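Next up: some structures, all given as structure tokens.
What follows is a pair of complexes built around chain A, which joins chain B in one and chain C in the other.
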Partner chain A sequence: MTYRTLIPAALAIVLSTMAANAREITFTTELKNYGGDGAYVALYLTNEAGQYQQTLWIAGEKSKYYKHLSGWARGSGQRSSEYDGLTGASVAAGKTMTVTLDLADSLIDSGHQIRVDTAVEDMRDNRYDVVVPLTTEGVNQITAGRGYVQSFSYSF
Partner chain B sequence: MIRKLHSILGLSAVLLVLVLAISGAILSINPTIERSQATVMGTSAITVAELTGKLAKRYPKIEQLQRSPSGTLIVYYTDNNQAGADRIDPFTAETIGPYTVPAFKTWLKNLHRSYLLDNPGRIAVALGALVMLLISISGTLMLINSTGGWRHFFRPIQGSTLAQRLHSRIGRLALIALMLSALTGLYMSLETFEFIPDHQTAEPAFPQQVDGGEPAAIGSLTALKNIPVSELRELVYPYPQDAYDVYSIRTQQGMGFIDQSTGQLLAFRPYNSQQKIYEFIYMLHTGEGLWWLALLLGLSALTVPVMTWTGIQVWWRRRRAIPRIRNNSKAQSADSIILVGSENNSTWGFAINLHDALNSAGYQVHTAAMNKLADTYPKAQRLFILTATYGDGDAPASARQFLKRLQQVNDSEGIPYAVLGFGDRQFPKFCGYALQVTDALQQKGWPALLITEMIDRQSSQTFARWGEAIGQKIGTELTLDYSPPQPKTVTLQLTDRTDYGEQVQAPTSVLRFKMADQAQPKGWLQSLFNTSKLPHFEAGDLVGILPPGSPVPRYYSLASDSRNGVLEICVRKLPDGLCSNFLHNLKTGETIEAFIQENPQFRPASNKKPIILISAGAGIGPLIGFIRNNKSRHPMYLYWGGRKPESDFLYQQELQIYLDDNRLTGLNTAFSRIPENSGYVQDKLITDTEHIRALVQNNAQILVCGGRKMAVGVSTAMNEILAPIELDVASLKADGRYREDVY
Partner chain C sequence: MNILRMTALMATFLISTAALADDDCTDPVADWQPQENLRQLMIDNGWDVKRIKVDDGCYEVKGFDQDGNRVEAKFSPATLEIRELEVKFTGSGHRSGYLKKHSVQQKPVNNKNTRKKPKVNIQ
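Then we have the complex of A and B:
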């Protein structure tokens, strides 16, 4: 089973009108069989220096546990305005989460990085489970995570 | 009411509570295991700076350092892009071994928290905890009730069956712990569902100002030098390439951040009271960091399966015992009221027969236990009271509250009544309680419908005659026809007998029986269930024997346990005794029809206190059984009276054996027909006053078995002996320390 999550149409339009040139990007995150409850996962963008830019997706229902996605929590300040409409169910061990959304062209090949934080109840938190640059070259390249992420890739 | 609530709650949530209890009991072992593997002693003398300084060499890729409540230190690191975790020694920082959480433990924890069903499961768990709490509270109230108030809460508990006694005794021990588990569990559930404000909200914000300079060696950070290892909960390292990142730390007091360059503590915030309350409750519930509490709670949780099983048995027995009454009208609307006083439910059969007869004659009948006497019966025109008598003229179980309640009833005119007593003419106070009730009604000035009648040994003829008389009074023909059902009997075969006392006109025999040989060859099913095994009984229980030609059983105290493989009784031959004569004439190999009736009130207590056994003649029966099965060499003292040592010294050789192997501590005999020092057993007690007083002061239990006259004599003597130490038989009886089996 995969979690295929599409950004709501209205928001997609807003995003594409904001940036003249936008692109549909699909992020695929496969989790290891770490043997625990469903994982909370944060996908977000930072600049080259690692400073938080924008939230892409938060998997996990209860916002009170979001602080365990510590890299993201620190950057975003956990403000709900940062992730409104960008949340979904937590991801069970061994499953794959696929998220598709529109991103401005200007964010690609401009030194931005995609970061993934993961957390599981009663298990360790993984800040920066995955860190990959968002580049045209990186399309379909599979990266292994340090924590619960088995593999991560994106395509556009 | 409370009892009803208790059983409804218990039965409805049996599975919910059982799963919680068993999984909780298994989880409760963890804190002890963790504690035994952790090094805790002396860790307050080393600082986090010292420890992390050493760790920096061993684990260059360290990301997190954690100290569990039990004191286990865990490092989390990433090596070649693979996350790892090790347990380490706090003094040397050496690796003890890899840290893993077994999948079973995770599974069990989830089972305990949510029945593996996530949110719906968590709600069910909260319900389970609530039910557990309510069961404990209602159980406590019932215990207080049955022991007669708070102050007597720890008195010995009496119960008519093993299941009942186990249920109350184990329950009493486990109550507090079970309530604690349920209450703390419920608190945590309420927090999960945010009925109680979440404790995790109060955290310091990430510091705005970070030095950003060259990171200093961790061992040199000032803030860490001030924190002993024993105070640490978690230290999260900054991300290696990020100069503006910080260490975040949680200690026993609070949480904050440490600048990786200056080593200063930034934005530290102590835990607020919300957090502290939660942590305290969490600790009480899980026993994390408090291993002995965890074991105690786990042990108590293990009683839940036992409590469930015994509880269901008690409930089932009670339910089965409640007689089914068809067309029972409400007390408010009935024109005829039947109240029943019964000890072991046999009187109910008669009452229901009367109920049905009146009912089919067109009356609106309300039948209930005497304890259920209502404040008023607005439509009632007649009241029937059918009651047995318990012991020496006392109220039977279902009538204990009756006389007290009657005082409160304020029917100025009163209802015409008829009392019918049930009993056995052999006993001195035949229908004594029925007569007491009659007196009370008379004093209240209620009119008698019919003079009080007494039924001897469940005679159906007398009952039918009484029905005719009632019918004439109320102007309706009543046909009462009831004979009590016989209990299911087994056939026993006499294997051997020892006869005593012929010479002193007190023929007494010890008779031993086994299950009669089955004529048919045994099938596999029979051999599987071993049908030739004796039914279960213990010394002190009663065997009901049906003599040929009489439907009424006679009861004898048992001198053996069923596990002794033999059913033994000691029977004195009475001149006119139908059953005792039948038994005395029984030859080896001949058979009797018999059934077991439990008599749990007459048994030695299971504590380590001394036991004084007192009897005369054949009354030694159950007592010899207690001594014979005294495997734990409990101090037991026997006082026994006979007539002449050469003739009726029952069990003389056996008693000598028990004295030699310490199953019996002391033996005192009195003989009434010897030339010198003759006397009764009560005289022997008086002679031994000092010793008995000392034993009673040492919390001895006293068990008396024998004839009524002897029992009165013993009781008088004991009162005389105990008066100087301000005790008497009545107060010992109330404490359950003086028990009688009298015939």
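Then we have the complex of A and C:
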């Protein structure tokens, strides 16, 4: 086998390995009709001990309110490098937010948890509104939140 | 003679005002980002921020860079793009390669979330 055939073959292997190492996951978060302004929602990943690992999405555009997403704020230190490019509009009461992203396979079935913090202006903040383990078994299982989250599920 | 001097003075004043006006930031106030964002951006870049104030419509930051050099920089308040940078090389850092090093770091500080942006839908 010559280098000419070896290189594309090696490239194909690397690319297929990369594709296999990440999985597209969709997180669906439905909010209750709590009767207030749009909710700020932090969707983030922790390890088994609940220690912050990675921000997945922050709904709500004004960073001055991020401190109210207290579980996430404590873990991430609210560093902009943690959430750059991962923020968008807040979620109105009764609406459903779906976030689709690629996550490494190594994060699934390895004790990692998905956590959701929520906060609404002039209403109470909900640290750990949702805490669910990120497992293959947990796919499409609907979990009720403790605060403004009506239901939460994920699929891949 | 006096008139001539006055005219010259006026001309100098007008020219300098025009020159100064070019340095102003004209971002609409509604689009301004909070100073805290800029502070965080600079902290992420390794700066020790001593003061942020508004000058000529721009954010002006005074502090020290990661090598301990005294720095003074102006930023557009809406985009937080750097417009002016003054460095006094007094710290332990070496000046060679400074521009190269900082031109890389002034890009968005996001090195952790280099993956593609999530698709988000709210219904």
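Miscellaneous remarks
The definition used in the following text is that the second predicted complex is superposed on the first by the 136 of 156 C-alpha atoms of A that agree within 3 Å, B and C clash if a C-alpha of one lies under 4 Å from a C-alpha of the other, contacts with A are read in each partner's own complex, and residues count from 1 in each chain.
The criterion applied here is as follows: a contact is a pair of C-beta atoms (placed from the backbone, for glycine too) under 8 Å apart; a residue touches a chain by one contact, two chains touch by 3 or more.
Values in this document were obtained by computation on a predicted structure and should not be read as measured data.
On the superposed chain A, the positions of chain B and chain C stay apart, so the two partners fit side by side. Of the two partner chains placed by the overlay, only chain B lies in contact with A:D37; chain C stays clear of it. Once the two complexes are overlaid on the shared chain, A:D105 sits clear of chain B and of chain C alike. Contacts of A:K64 after superposition on the shared chain: both chain B and chain C are touched. When the two complexes are overlaid on their common chain A, residue A:R124 makes contact with chain B while staying clear of chain C.
Legend: residue contacts after superposition of the two complexes on their common chain; A:R74 is shown touching chain B, with no touch to chain C.
When the shared chain is aligned, chain B comes close enough to touch A:R146, but chain C does not.
Greater residue coverage of chain A by touch, when chain B is weighed against chain C, goes to C.
Of the two partner chains, neither chain B nor chain C is touched by A:E48.
Our summary of the superposed model lists a minimum C-alpha distance of 6 Å between chain B and chain C. The residues of chain A shared by its contacts with chain B and with chain C are 64.
Touching chain A in their complex are the following residues of chain C: 34, 36-37, 40-41, 44, 108-113, 115-123. Considering their complex, residues 63-64, 76, 78, 81-83, 85, 101, 103, 106, 109-110, 198, 200-201, 203, 205-206, 236, 239, 241-242, 248 of chain B touch chain A. Across the complex, chain A meets chain B through its residues 35-37, 50, 64, 67, 70-71, 74, 77, 122-128, 144, 146-147. Listed in rising order, the residues of chain A touching chain C in the complex are 54-57, 59, 63-64, 78-86, 88-89, 91-92, 95-102.
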